[in-house]
């Protein structure tokens, strides 16, 4: 009997605990400040902001509260953070962030679309828009064009009208794209140990051939050094090299399918079928044979690449150049003289002019609104506001006096904030930047940090000098942005899915055999014929038909 | 004749009584049955989607009916055979190389005479079973990488390093070996338990006859657990077309795809990531039906051979 | 006589060699199992530079607890840890209760329609419906984003339930009959006789359920929207499967470089409770687990 009682007691406690957690598990009361439920907007607003200075140009009389699904990676996302709190106080907008682990974002998103249970607002990429927009699950923003003048003005501006048009579905807009205002220069270029170049007396490579010779010398001097790799798998490596050598596909393009825009011919091309693509494969196959390409090239992730780079087993990596800073910090703990820096785009085969493709100008990330939301118009107005000067300032720089100050008409991070030193912490602590809610992105905040670092240490961080170089390369036309894909009709999409899946499967399986020497390069021609037999021409035709509709 | 009738009547009365008696038991069963109806059978309803062109907006009930379209598409897909081949091969590998290990392990542990030692060995061998798949896969990547444990051993013996996870021919061995590492100890419990119920007198008699321990194992222990082995084998056969997708998803890449891609990973990519829900469900159903058929056939065979069967 | 003795002696020494080899092989197996676990631990407490250089193999070098400190300072990790403990304790209790409740009537000989019921239940085992339909059910019941979405949908694992049932079946019928004579209700028999008698099997099944819940990530991922409800596995996956997001979208490299040490420290912390609890439950295994399963 005693035992029974004890059991009963345990169960009761358990139930109570469960209830508690259950309560806290329910959706947060959407309003953190119950006092802000004004009936007469203006007067209440003044009541809340007695100074009357922090007024926002947009204010909702009834609290506009919504859930926003975002991917969370290393940067923790919080509701209670500077920017979101500012919105609550000054605009009566209550954003509740639904942070989904980045590693499983796709799974969650897909389940939610399958069951038509998307939250109010979701961040997706263009592929998702393409596959979901037709179902009517997403709000058609074109119906609200009048409420989003600032966004429309941006996407129809001279510099991006062509590009953003490709993201329309059946001619309509379905998502607010993350747009670039100012971005720290970034490109998928080779990053190399310049100290080793000096040590072995190698001239800084300007062509792929010279890079190859440089890598050979490094290998000779240090046989334990595998010299080069990437952390994004073979297609990434191939794509970036291939573009440089006159073909393209993969690499910095947004899609997992190797169709790319060839500026020389003004049309979309299936990269691997182009003659020049062979050069890239040959290059990597040679590198593998000579022991220059790390045999684990396909399985490296961030941790692995970093540990190889910092232990001296890798000297060259083709990657997002902004990682250079972190590599330097890490390796200098072990080898103080070590220094990574990027190479300018390389020429190939006697060409005098290099060409290199970099990431798209704007982000392939869109904020879509669930068509079931009640206050669609207000939501559109709010998102439009994020693209205004005022909205961009808040989401990138934070709050005046707290995180930034105005110097001669331009915002500048306070020194105390710049002293943080790394952007991850800046974003995490104040809710700034792309991984939070910035939609019109201004990365001058990072430049402020670099400048501050330079002022304190006397050394300009490598990312700062790289940014200048990349900017110049863009102006010279050597570095071009990836062109996005045109949008397709439903039938086209269906056909493409089948063709692309089959082509990718065969390509993925065979390409590594060519690189590791299991298949001889002499068979490349017949392999390309095999690919062509699987509908390469049809794929290209679909892309270019869609493209011609845009023009 | 009469006796038969009476027997029937008796039987009937017994049944009625049994139902009345069962009333209380049914009361206890109420919650569990409710659970199965809601969470299991309720969810099974979704399988209808395999015969529809599912549209999330219209829902399961109102989506367009397309019959066997998706099954046909799958069967005609040139990739279909590769998938089947990979899935079956992966399971055959497991049957050949994984399946015997727990049995051998159990026999070996059973032969340990020192009680404490036996316990320690058991305890440790079960341990890895409790790690989640991500953890296991993190370990595998680490151990199999070029600077990993295996390659360090290889190079210590002067052999060439191998990038294991980049080679299609190594995928199945790695997969099976990691299964052994993680689960062999655990699966051996069932055989150990069976071994403990083998009659001790048989061993004593064998000792008197002068049989060696190896002979005892072959002639007493193994036959003693034969029925358990055959049941486990039947269960394994039922899963001939299913391999968990999670582990493979975490381990494969373009290079190893040609041996690593199995039905479940394909379903995950098509059905979940590419949001091809109807198609994914159809393939899933196909897989389940094949699994059910295999297990029934295997069971029939087992019944004929008069070894233990599942039912 | 002499000859027989000699033969026996030879046999005994042969058996001794056999026992020795057997033991040796087993210990080798144990080492293979233990080393990776040990390795994770020494990496997590060694200096990161030493780990990167590949110096850490057998013993930790430059022992420090920095990675553990980093983890302890991580807010979401702490909370998710608490959540996991809660889900595991509460979930296991529910699972255990429901499974035993289901197993008891099925173990009784005189249950009406027993065959059909068993089939009705076992059938669900053969069809794995996938994650979307499960999500639909949870959504329809309005359980989404509540702890119940984690606790209820997998309350009964058929395999474990059958294990318990078989154990119940082995409880001598006379005991139950005599209790019935005394006028005890089935409910009373269940609680007062069956459950106390079945400690071994219940303990084992407890561990199975607990491990299952501890390691599950798919249901929490799909059913929970609120970060403060996330269990440890979700966070763990995010750390172990290092994401490549910032490179693919061409975002500026925003993250700090996560080191091996931290990765392994997180892994180690995530398996620690099981390492602690497990030895206490293990003693029930041989009695419990398999009396159930073998005959099932």
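When the chains are written out, they are named A, B and C in that same order, and each has its own residue count from 1.
We adopt the following convention: contacts are C-beta pairs under 8 Å (C-beta built on N, C-alpha and C of every residue); 3 or more make two chains touch, one makes a residue touch a chain.
Because the structure is a prediction, the values reported are computed rather than measured.
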item: Most remote chain, CA-based centroid, reference being chain C; value: A
item: Between A-B and A-C, the pair with more C-beta contacts; value: A-C
item: Where chain B and chain C are represented by their mean Cα positions, the distance between them in whole Å; value: 17
item: Between chain A and chain C, centroid-to-centroid distance (C-alpha), Å; value: 37
item: Chain centre separation (chain A, chain B; CA means) in Å; value: 40
item: Contacts with two or more other chains, residues of chain A listed in rising order; value: 107, 111, 114-115
item: Interface hub residues of chain C, defined as touching at least two other chains; value: 54, 131-132, 136, 217, 237, 241, 263
item: Touching two or more other chains - residue numbers and ranges from chain B; value: 147, 272, 277
item: For the chain B and chain C complex, residues of the former touching the latter; value: 15, 18-19, 21-22, 24-29, 31-33, 35-36, 38-47, 60, 105, 108-109, 111-113, 117, 120-135, 137-139, 143, 147, 149, 152, 181, 185, 189-190, 192-194, 196-197, 210, 212-214, 228, 238, 242, 250, 267, 271-272, 277, 280-281, 284, 288, 291-292, 295
item: For the chain C and chain B complex, residues of the former touching the latter; value: 7-8, 11, 14-15, 18-19, 22-23, 25-27, 29-30, 32-37, 39-40, 54, 57, 98, 101-102, 104-106, 108, 110-113, 117, 120-121, 124, 126-134, 136-137, 140-141, 152-156, 185-187, 190, 211, 214-215, 217, 233, 236-237, 240-241, 263, 267, 270-271, 274-275, 278-279, 282, 285-286, 289-291, 293-294
item: Interfacial residue positions of chain C with respect to chain A in the complex; value: 49, 51-54, 75-76, 83, 86, 89-90, 93, 131-132, 135-136, 139, 144-148, 151, 191-192, 196, 217-218, 221-222, 224-230, 234-235, 237-238, 241-260, 263
item: List of chain A residues in touch with chain C within their complex; value: 3-4, 11, 14, 17-18, 21-22, 24-28, 67, 69, 71-77, 98-104, 107-108, 111, 114-115, 117, 119, 183-184, 186, 188, 231-232, 252, 254, 301-303, 306-307, 310-311, 319-320, 322-323, 325-326, 330, 333-334, 358-360, 363-365, 422-424, 427, 433-435, 443, 446
item: Sites on chain A touched by chain B in the complex; value: 106-107, 110-111, 113-116, 131-132, 135-137, 226, 233-235, 294-299, 304, 308, 313, 497, 501-502, 505, 508-509, 511-512, 516
